[in-house]
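Each chain carries a letter (A, B, C, D, E and F) given by its place in the written order, and its residues are counted from 1.
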Amino acid sequence: MNILKLGIPKGSLEKATIELFEKSGWRIKLSSRNYFPEVDDLELSCSICRPQEMSSYVEKEVLDAGITGKDWTLENESDIVVVADLIYSKVSKRPTRWVLAVPGDSKIQRLEDLEGKKIATELVGYTRKFFAQKGINVEISFSWGATEAKVVSGLADAIVEVTETESTIRAHGLRIIHELMTSNTQFIASKAAWADPWKREKIENIALLLQGALRADKIVGLKMNVPQTHLDQVISILPSMNGPTVSPLYHSEWFSVETVISEHEVRDLIPKLLKNGAEGIIEYSLNKVI
Amino acid sequence: MNILKLGIPKGSLEKATIELFEKSGWRIKLSSRNYFPEVDDLELSCSICRPQEMSSYVEKEVLDAGITGKDWTLENESDIVVVADLIYSKVSKRPTRWVLAVPGDSKIQRLEDLEGKKIATELVGYTRKFFAQKGINVEISFSWGATEAKVVSGLADAIVEVTETESTIRAHGLRIIHELMTSNTQFIASKAAWADPWKREKIENIALLLQGALRADKIVGLKMNVPQTHLDQVISILPSMNGPTVSPLYHSEWFSVETVISEHEVRDLIPKLLKNGAEGIIEYSLNKVI
Amino acid sequence: MNILKLGIPKGSLEKATIELFEKSGWRIKLSSRNYFPEVDDLELSCSICRPQEMSSYVEKEVLDAGITGKDWTLENESDIVVVADLIYSKVSKRPTRWVLAVPGDSKIQRLEDLEGKKIATELVGYTRKFFAQKGINVEISFSWGATEAKVVSGLADAIVEVTETESTIRAHGLRIIHELMTSNTQFIASKAAWADPWKREKIENIALLLQGALRADKIVGLKMNVPQTHLDQVISILPSMNGPTVSPLYHSEWFSVETVISEHEVRDLIPKLLKNGAEGIIEYSLNKVI
Amino acid sequence: MNILKLGIPKGSLEKATIELFEKSGWRIKLSSRNYFPEVDDLELSCSICRPQEMSSYVEKEVLDAGITGKDWTLENESDIVVVADLIYSKVSKRPTRWVLAVPGDSKIQRLEDLEGKKIATELVGYTRKFFAQKGINVEISFSWGATEAKVVSGLADAIVEVTETESTIRAHGLRIIHELMTSNTQFIASKAAWADPWKREKIENIALLLQGALRADKIVGLKMNVPQTHLDQVISILPSMNGPTVSPLYHSEWFSVETVISEHEVRDLIPKLLKNGAEGIIEYSLNKVI
Amino acid sequence: MNILKLGIPKGSLEKATIELFEKSGWRIKLSSRNYFPEVDDLELSCSICRPQEMSSYVEKEVLDAGITGKDWTLENESDIVVVADLIYSKVSKRPTRWVLAVPGDSKIQRLEDLEGKKIATELVGYTRKFFAQKGINVEISFSWGATEAKVVSGLADAIVEVTETESTIRAHGLRIIHELMTSNTQFIASKAAWADPWKREKIENIALLLQGALRADKIVGLKMNVPQTHLDQVISILPSMNGPTVSPLYHSEWFSVETVISEHEVRDLIPKLLKNGAEGIIEYSLNKVI
Amino acid sequence: MNILKLGIPKGSLEKATIELFEKSGWRIKLSSRNYFPEVDDLELSCSICRPQEMSSYVEKEVLDAGITGKDWTLENESDIVVVADLIYSKVSKRPTRWVLAVPGDSKIQRLEDLEGKKIATELVGYTRKFFAQKGINVEISFSWGATEAKVVSGLADAIVEVTETESTIRAHGLRIIHELMTSNTQFIASKAAWADPWKREKIENIALLLQGALRADKIVGLKMNVPQTHLDQVISILPSMNGPTVSPLYHSEWFSVETVISEHEVRDLIPKLLKNGAEGIIEYSLNKVI
């Protein structure tokens, strides 16, 4: 039987990933002491894996596919296929950014001022390539967390660190002088798995449902009754996401109009719909939008 | 750009109000130390304000509109526009009532027996007017909470106090002899804002969505298939809230019938629908019902 | 006025039963000190009752109907009507089983080896009958919980005990050699209530809604747009649970197709629907499916 | 090696018993699935056992000693040795009582009125003996909990039930007409264990430390300096629990006086001590008082 | 029988006050719906009362004594006896302060700049008197909480508000230009109660024990053995709080030295004691230090 | 002013370290976003640092002293001074061990069988040296957590991993074939700080108090009265930790005997003391034992 080997990211992405799979139709059951969670699909075998190592494992075909951050795939320079970007909108509104920061009172103002300086970071490879391309000589050392402290202690002149809200950076009195990369979660696959028809179809189907479930977080169903005389008018103000479903009502000059729209548009749209003759408007939640 | 200044009530109504706005389409983000919460609508600016002071602020146009209790608007005798009553059904089944209570063993039986007596209350103005209209002379003093204790301690002969379940009143051995007012939450606006076309439309649109979200708490969607022969029969037993949506099915003598009804009617209606020929009945939840 | 006396099971089934009734349309309000909870239906009167005693109370007509486990009805040999099996799928995936277990190092391998041995169990009657039918002489004693400990202490040679996951049995080093019965929750009624037309109709209506709510846990609504050219193809791959609702769209060669299907089929069905020409697929949750 | 087999009560006494042993010097470690907890004393082997069955197990020498309620020892008429009464003062101020209760509107006023009536109880044996001694004929049936409900449903005329605060009894509208027994926790031993010198000494040592730890909950240490001139005066007002420890101070006419007293006496004693010349009074907590 | 009527402050001081009384020897049992808590002393009767109203009630002899903030006693200009200052050190390290604050960008720099300006505060009386004494004319209005918002909204030019950490003040961008008062918790009594010998003694005894319990939070017991040759040396470096208790040891040239000292001195003192010849040093906690 | 730079370990040791310092007399206040916590001693400056990096920082004199695990000091081969072993007895009874484990069904039985095999570990340096000394050639790769999974996936033949209870190792079906090291928490200092008289004294004083607080976890105070006739007898059975404090009592032939002993000896000692004539025995807790 065909099996797809799938990597689930350990750490900050873990809970959101399990919940997304649940909403998409797969139940993944973690055990606190085992890195191979159960999943209710005989064609899948799951492994828990650190995001930092995921793309290497996929590249070496230890895993066929996995969920990880774009940053670590770039750091590892892994030769893999990016199947889909997964924007976990509920976790945070701001993207994950890797920035270069210096002490607030440092004389360093621009990247060029870093010539000959020491930089501490967990993202050694990417940072090295970044400065090499700019022709700036820097000494880069690996830091295993608590990176902000290193620049405060004087062990480094600058750091390259990940941040969403900049609060840790500001709490240490650091100043950001450059953004090296923004990152987001991705669904990736190995080239071999992508070339295998059965695996590719399985991967594409999973991607389809993951994206359908993510989309449903921000979209709602809307249904209303509209008289024939106002039908064109109402349809013309509906956002054009998918064309609306319009059904004639029985023994009547009225039509049922149903559509899906972004949740944040509803508050502006409903007053307009009423003005244009719609009645009996209801809104309902969705699980998936394909 | 036009801005509507909106007051959010502090205290017992605060959480329910924030949740209602969320369901209606606006996210209001409180900060524990700031009275000016963020809202995701550039046309709105929010302030946290005590319900007791809300109507005065609206009257003086410090705020254009606000959410508060009817009781405090009456207490302040504020000259404002009541845009909508908002019945927060989930918080409590019983209305908020202001009652006059005396010690269980007091000789006071009727309002007239209060002639010359001392009354403690937080609702000084309304109570004073109430007794003045009845021509009964009473001495009214302001009480800052723990009002029940004052009549037990002998500092007052009676109190006028707010209650939902009467449990605090009974726990102090008091007896209610009159109900002065029932209150509920209201959406209010200043006369000036109501006269300004842009502000009035903004206020009306907010009211429309707040009421649509409140209504959806108690209403569900119901959908079923009905053969043509039983269509009139089924339609006749559906509650007439909005007329049902009836759509002919493809290549068939059957129709799809869809309607919205009060959740508490469903358990009685479903057996009747089955008896009258409906099939494939499903019920689903709603977010808004306009 | 007619009243149906309904028994609610105390203990492990209590919470799930109350929630199921809530979803079905009845609010049952427990009080921590009273065995007669309130219910928002004047035709019902509820009592809390141990599952072990439920069927006897129904048989003696102290109650008209009740929720209990099949195991205790069989233990009591109660002469009642089984109205419906209620499979509470969310509580546990595995059925409740009564098994015969012996110490891991016991010489007992088969039921026959129990001849003349001592068995401890809470299910005395059923176990006695079971062995009598097989012609095996055993000495059965009643055990009030902590039954596993009795065989470990040497007070019994074997136990008959209830289990879902076998974890307690394994933790005491016991070995299962026979399964006597599997059980599940049932809705039962007395023969007299079933013979009374009003009570029977009330019981059937409750059963209808309880089953409708249980079914909705595992079923979702699915809606899509399909061009006329692919309509037969799409319909042919839809699971045949209820025939789909097909409505022609206005001024168009497209149709709206709507159906309900098992949640676990969705992940396989959606890719097929897309391949066969369906578009704009949405999935939504259901409260009841009749 | 000698081993003492000790029974720990399951249920409401379990947590308080484990904590008391901890304070006395033994750590008992429960496992959620095993009835034989570990203890850090090679001379002890612990078993978890229901209080209802404890005295029978001790009588039959399955256990050498155990902690249980006096009520169940009397119910079982077990022939055992009561080593010590353990009054767990922190759990509840009121003793556990077994009472006879009837519906509030019952005509039964005295025990004699129960002649020929039905009584439901979990304490069948004790209740039977109680009425036999009084020469009153009653029909006693075993009830497995929810006993209050039985008299409300009319299945029994009276109940014999355990209570501390009477709140469940009052919540069902019952009236207490007699108290059959008050109970408390006891440390019991088998006659054989008591006759064995090693076991008896082990049992007595455990009892000594359990009682020392219980006593320390209500007693504190008090220390003060007193001039020789006031020494007799101060000593005369100290409660006489144990004589105080009086030590002369170095190069001085002062003495250090140290004693242990009931915590609730401290607030009245300290002002008196000051008046009588004591100085530098300190109070500290105790773990054990033997 | 003599009874002392004691006021317990509602709100932020409530929990700390109940705990202090518990540690001092009185158990006060609050009921969520009753303002008259139970206390285990027949000579006391407790009432819950807002700190703002406490001193007025004591002055009018509705209460004999009470716990409240010094600020509200000054605000009310109540003619009462301050029995003791109670510094609740564990709640917060910083004292409660009433400060005058203005918007960060206000032109107001000194008190004199407030001439003719509007000030919002809950502390109307004290503030009025303060400015009258300085001969500065200001318009003072009562504010019922959310006072910071008023100056931001432009309803006032400055506020007088209570603060410990200044965090709310800073979160609204305000600037402090003057401190009007620092406050702390006090135990107060009415003049009449103070003149009544029985009441005065009861009040003094309570004050004695409250202060003894507060002191014990910051003080520990220290005990050591010292050879005669080093005794004077060791005693000379002990802090002189109370003279140490020195007892000669039996058949030996050594002495036991025992004292109480501030907890924060211990870490510096112990190394010195060892150097000066002390041995076997132990530290223990105290409940009360009189 | 002299300052000692002290490293506090991040992660699993963090909480226990902060609590130990609190008990020893220093309050360290963590901020969630800053690696430089505040401490109430002007002579100390604290930094949060990963245990893996602590000894390197101390060796390079970025820090003067720190708390870390012995394992990481050995891994880093840091040239530092071990001031004290700190056995945090309450956290876990078992020592931290680094073990070599292989799959349960592996043919590897002894260290020699690893010749030419792949080992994954976080402890690369120590492991490399270990095998080099034994003359066994192995390929060692760094693993960043989830090490057990690597041997299960076939990426390594064996792992060297840290464990206390072996539960994770067993949950992956691994078998331990060798223990490379046991570790515990240590207080370490740099050679330079140790050579500086002021810093050395500060470090020794901190070590003294940390050890005094750790010791007090397992030791209690015991005090009793003994008649002169039994004094030698009682003293002879007291454990000889520190000689007991013996004080003659006033006007009496009795003596007060006070000592400190291991908590786990108390339960055996008290019965013996009573038999030998001691009376009025009390036990109390200690904060520090030097």
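As a convention for this text, a contact is a pair of C-beta atoms (placed from the backbone, for glycine too) under 8 Å apart; a residue touches a chain by one contact, two chains touch by 3 or more.
Chain identities (UniProt): A, B, C, D, E, F = ATP phosphoribosyltransferase.
Everything numeric in this text was worked out from a predicted model, so none of it was measured.
Under the contact definition, subunit D (ATP phosphoribosyltransferase) and subunit E (ATP phosphoribosyltransferase) share the contacting chains F. Counting the residue numbers that touch the partner chain, subunit D (ATP phosphoribosyltransferase) and subunit F (ATP phosphoribosyltransferase) have less than half of them in common. Taking each chain's centre as the mean of its C-alpha atoms, subunit C (ATP phosphoribosyltransferase) lies 43 Å from subunit D (ATP phosphoribosyltransferase).
One simple way to say how far apart two chains are is to compare their mean CA positions; for subunit A (ATP phosphoribosyltransferase) and subunit D (ATP phosphoribosyltransferase) this gives 60 Å. Between subunit C (ATP phosphoribosyltransferase) and subunit F (ATP phosphoribosyltransferase) the centroid-to-centroid distance comes to 53 Å (mean Cα coordinates, whole Å). Computed centre separation for the pair subunit A (ATP phosphoribosyltransferase)/subunit B (ATP phosphoribosyltransferase) is 40 angstrom, with centres defined by C-alpha atoms. Residue positions 247-248, 284-285 of subunit F (ATP phosphoribosyltransferase) each touch two or more of the other chains. Shown are all chain pairs that touch, namely A-B, A-C, A-F, B-C, B-E, C-D, D-E, D-F, E-F. Listed in rising order, the residues of subunit A (ATP phosphoribosyltransferase) touching subunit B (ATP phosphoribosyltransferase) in the complex are 220, 223, 225, 247-252, 256, 263-264, 266-268, 270-271, 274, 279-285. Subunit A (ATP phosphoribosyltransferase) meets subunit F (ATP phosphoribosyltransferase) in the complex at residues 10, 31, 33-36, 47-50, 52-53, 62, 144-146, 148-149, 152-153, 155, 167-168, 171-172. The touching residues of subunit A (ATP phosphoribosyltransferase), counted against subunit C (ATP phosphoribosyltransferase) in their complex, run 24-26, 40, 201, 204-205, 208-209, 212, 216, 221, 231, 242-243, 245-248, 255, 258, 260, 284-290.
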